[in-house]
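Think of it as A, B, C and D in the order they're written, each chain with its own count starting at 1.
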Amino acid sequence: MVRIGMLTSGGDCQSLNATMRGVAKALYRLYDDIQIIGFEDGYKGLMYSDYRIMEPRDFSGILTEGGTILGTSRQPFKLMTEPDENGLDKVELMKQTYKKLKLECLVVLGGNGSQKTANLLSEEGLNVIGLPKTIDNDLWGTDMTFGFQSAMNIATNAIDCIHTTAASHGRVFIIEVMGHKVGWLTLQAGIAGGADVILIPEIPYDIKKVAEAVKRRNKVGKRFTIIAVAEGAISKEDAALSKKELKKKQEKKTYPSVSYEIAAKLEELTGIETRVTIPGHMQRGGGPCAYDRVLSSRLGTRAAQMVYNGEYGNLVVIRNNEITKIPLKETAGKLKTVNPKDSMVEEAKLLGITFGD
Amino acid sequence: MVRIGMLTSGGDCQSLNATMRGVAKALYRLYDDIQIIGFEDGYKGLMYSDYRIMEPRDFSGILTEGGTILGTSRQPFKLMTEPDENGLDKVELMKQTYKKLKLECLVVLGGNGSQKTANLLSEEGLNVIGLPKTIDNDLWGTDMTFGFQSAMNIATNAIDCIHTTAASHGRVFIIEVMGHKVGWLTLQAGIAGGADVILIPEIPYDIKKVAEAVKRRNKVGKRFTIIAVAEGAISKEDAALSKKELKKKQEKKTYPSVSYEIAAKLEELTGIETRVTIPGHMQRGGGPCAYDRVLSSRLGTRAAQMVYNGEYGNLVVIRNNEITKIPLKETAGKLKTVNPKDSMVEEAKLLGITFGD
Amino acid sequence: MVRIGMLTSGGDCQSLNATMRGVAKALYRLYDDIQIIGFEDGYKGLMYSDYRIMEPRDFSGILTEGGTILGTSRQPFKLMTEPDENGLDKVELMKQTYKKLKLECLVVLGGNGSQKTANLLSEEGLNVIGLPKTIDNDLWGTDMTFGFQSAMNIATNAIDCIHTTAASHGRVFIIEVMGHKVGWLTLQAGIAGGADVILIPEIPYDIKKVAEAVKRRNKVGKRFTIIAVAEGAISKEDAALSKKELKKKQEKKTYPSVSYEIAAKLEELTGIETRVTIPGHMQRGGGPCAYDRVLSSRLGTRAAQMVYNGEYGNLVVIRNNEITKIPLKETAGKLKTVNPKDSMVEEAKLLGITFGD
Amino acid sequence: MVRIGMLTSGGDCQSLNATMRGVAKALYRLYDDIQIIGFEDGYKGLMYSDYRIMEPRDFSGILTEGGTILGTSRQPFKLMTEPDENGLDKVELMKQTYKKLKLECLVVLGGNGSQKTANLLSEEGLNVIGLPKTIDNDLWGTDMTFGFQSAMNIATNAIDCIHTTAASHGRVFIIEVMGHKVGWLTLQAGIAGGADVILIPEIPYDIKKVAEAVKRRNKVGKRFTIIAVAEGAISKEDAALSKKELKKKQEKKTYPSVSYEIAAKLEELTGIETRVTIPGHMQRGGGPCAYDRVLSSRLGTRAAQMVYNGEYGNLVVIRNNEITKIPLKETAGKLKTVNPKDSMVEEAKLLGITFGD
């Protein structure tokens, strides 16, 4: 009997279950005698031998379910090298569980940090295969991550809803979209939702230019302005600060998020009422969209095949519409950010969207 | 030729266009020669003769459209008795426009405040018919207002999305639902979304009881708690203050909304990470749901019939599934709030929902 | 220990699970020591002692789930009085199971036929409480059944989708809506979707009048016509036949459903291309809408309370927005059909909708 | 002043307006003085000089609207070379309008047939730029067409709805998905919806193998089977016939579509009740999904840039996530079909999906 471990790690997102279903269905088909071990709450389950023996029926009916049937937890990579609360070496604990259970391979569904840990385990000699999960689409080496399109649908729907109400009154509306470091979600939801202004971490903004865009619209009779703001949007002023100075400055802030601060400044500069909407964790929730279910099914079945072929130490990715692989050591820890000169930014500007740069 | 004026007043909501379409389609059918005048941006358009002559095609294809094709503005009733910025009497201005245009009747789509003004105009001798618009369902005299069910769908969907992400991690989630004075939307979205705690203005809460509910859930292995909070939720402590004291206290607050304050207190009391989601104006946006479109079509066509029959001075309402009417002077200004002993509250408690009372 | 049986019977619909959850949550709250028995696949499970002992966790997370966790089967009332395939008396079999399990009460979620059987069991001395399930909203004695609003959303969405494509080309589109005997779903989805023609069983149509409506629209430049047709729509000609004659005629028909026949005739009479869309069982599927979840939660908790109070032999209903009860013997078998003079039909006609009468 | 013509041709789909908006917004930005001419109902408008002068406001608010503001008509390529009803040469007529209006370029949103005509016009010396519209994703040379993902969402949602009802009863359900010649939509919606069987034109099926799959599922306790069938699904038997023989056979058929025939045969072979759902034109309807809006915005703005750069005679495409171009003469008329050995088919088989081959 071959035994495969599986875990979901980091922030949850929409297509985790669909991906695991893909892996499992293909494994049961490829192997005559296979057992899948599901670790609870991410790497924690692997550390402390907290697991379930999965049955085929566990993967039935979960294609459309949000969240993860295994649970997840955030385990930042940098904490992996620190001892746990009992002074034990975390990586050693995970290796012990792996060996004790005589796993053939560990399948890790996770984002950037989680794949870094996956790579570490791979370098320590474990057989590991990674699957690219994140609503941020910021994993280097894959064209798309599962979760992204589902999150984009929700963020776009938020902008759509705001559009009709904004058009009825004469106001500025800010929709805060998830993304602390990377702006793909805000950029694409902003384009899809017909936002007038898009502010993302990679393109620091000048609040005066944003205010001018609002005023310019009002001058030509457009009564409202829709602004899509990434959680990590940053002003040119702040972007110029050192990390230390920035941290100091942020500690003094009284606003619970960047949107409230931008709203206050815009009201001051334009005199126009500005409202804030924060869909927040909604963007990670609900079931996966059709696109994600196809992507997850494809990535999942190919992951199973890579297990079968012994192609370990890889992240399963989609590149130019084909499912392929990339060594974990090449991708782990590399962030795929928006290049301000990216063609999609250029296209957005052709639509008349302001980035405040 | 008969000429009818129409306006939408107050905060926008989802089924305004569907209602106007119903009124218009029936008017064009009932009268051989009729002209509909659409006033821009609510009562302001009536004051300053800012209007459009509507054509049948203007009402075509708007059944599913959010917002209002006429625009709207908030005109609090108490400001109606004050002179405008040029020192002119607002009610007098509106009467002048009405007379100048030789209107047979004015149809007002609006909530509580707007219907109070409608009643004032009625008492001043104008022919007025009101239609009950609001996502709050707080108009006295009607079982349902249009907008409510659409808003409920959106608030419920927000809770649904949060549910899957909450279940994957171990957290408390607060979803802030619209409603400064009235809790119907929070109560029903809370029930529909399977919230564990519901906090509404009519039932002041004890934060300790809320914290206990969270801890009780954790004790029996439920890793998360979903809390639906109305914008106007109030603690027992604050509810005991005089209006003046409360205002003073609120002025000192640094949180942009009640949810952030509750979140901070809950984290303190339970030690569990607590996140806030604010769908905000999304709840007024997007197209009307099927229920609202039926309700609006029914209310709208009956409003036209009341115009035709000269049944002026009334609000068109739904009572026991029949469309009927109630004199504006009986309903105007009366709020339909949640009675803490209401059967729906009792039913929610039977489901195990905590109100913190 | 008190033991309660529960079953879902007849065609499935969207809010069965939400209703059972309401019953169960309230039962667990009202009783210190209670056991819920779930019978599989409707009355069949009761006949043949095919059941599961339910746990509180079985009712967790099912509020939003479509279908029924207990399974269901159609058991037409008239078959109940016939012996089963082994020659045994079905009612006697059910009574035996009830007694063997020492049930305090049987809770039946079902439509018209199922409630008739429920009444029969009640008359045979069992304690029975019924809950009004059906997408047809045709149970006499309740203003609304759970399932109806969810089905209406889906049928309306189908019409919405067809609208944009119909408007781009110049065509007639028929959307076939569920309802063999009763037209509520077609009527309301038709109004909500902005249909131009609505054909329902209760109002036999003259195909020539429908064709005229299509041609009249074309004459005034409207390029398309949307027709909502109930499965049981019937022409005046056929409505005039005796049951026997009608059956004979129908046996000869080559069309798989009424829509294809109407389409063929309309193409002949108008010369305009006519397309058919059949959402079919989609209308029973997917999760319940927010409205249904509230309704189901309310009906379910009140059913539990009626069990607790021993108010047996009743159907739990909603009347004038309050949850109340009606004796099974008064309601069982009575159909709530659309009266051609119903106010909603009149309102639809004021919107300009043609019924072909 | 530069003058650009634009038209939408062939079957409508969801993101036509979003694409035109992208073209227009970018044209207005790139040129100081530009006029956009919108031809009505596809090539017909170009033939008979049936057009509107578009204004910037015409493109405002249409990002989310289904259908096409210009209207469309099917103009099969082979009819283009035949004279019109007045005996006039169609291509000549189009060239005359182009010249009379002194167009700089003609932008054509259309599918395979429409791009063939676009290429013809290009070869005749007109400046033409094509944009890849179709829910079938069957245009050779582009990774994705706009419309496909929106249609996939709708088809997937249909399967989702059927899933819950199918699971409650014990039945076989057939969902007929659009696609007469190409199976991409059925394949991907089938994967996304968790179908058990997928039948597409490119992989002729053996009905006995399909029946076996149904029976195999029943044997292991799965009470239902979901079958996604493309409109153009074909049996091995029929696929072996000559075109002439096949046509003859089809003329004799009494079923309005392939699904009813498959259903009848399956019932015969398995004895299990089989139901048919036909979402039909719903799949072309409603607003575009977020993915399509981004794709359309990108393709549209790049089309404008190609106009600006004089890069005529090209189809704007997406390849490996970048917007690029391909000469119309290389792509026109080439169909991108599903290769039975395509990796996505293989992945579907790994999921356990039966193709009946």
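Please note the rule applied: contacts are C-beta pairs under 8 Å (C-beta built on N, C-alpha and C of every residue); 3 or more make two chains touch, one makes a residue touch a chain.
Not measured: the values here are computed from a predicted model.
Here the CA centre of subunit B is 42 Å from the CA centre of subunit D.
With centres taken as mean Cα positions, subunit D sits 35 Å from subunit C.
We define each chain's centre as the mean of its Cα atoms; on that basis subunit B and subunit C are separated by 31 Å. In subunit C, the residues that reach two or more other chains under the touch definition are 157, 160, 163, 167. Chain contacts here close into one cycle, and each chain has exactly two touching partners. By the document's touch criterion, interfaces exist between A-B, A-D, B-C, C-D. On subunit D, the positions that touch subunit A within their shared complex are 22, 25-26, 29-30, 61, 63-64, 143, 149, 152-153, 156-157, 160, 163, 167, 188-189, 191-194, 289-291, 293-294, 297-298, 301-302, 304-305, 320-323, 343-344, 347-348, 350-352. Looking at the complex, you find that subunit D touches subunit C at residues 11-12, 14, 16, 65-68, 71-73, 154, 157-158, 160-169, 173, 223, 254-256, 260, 275-287.
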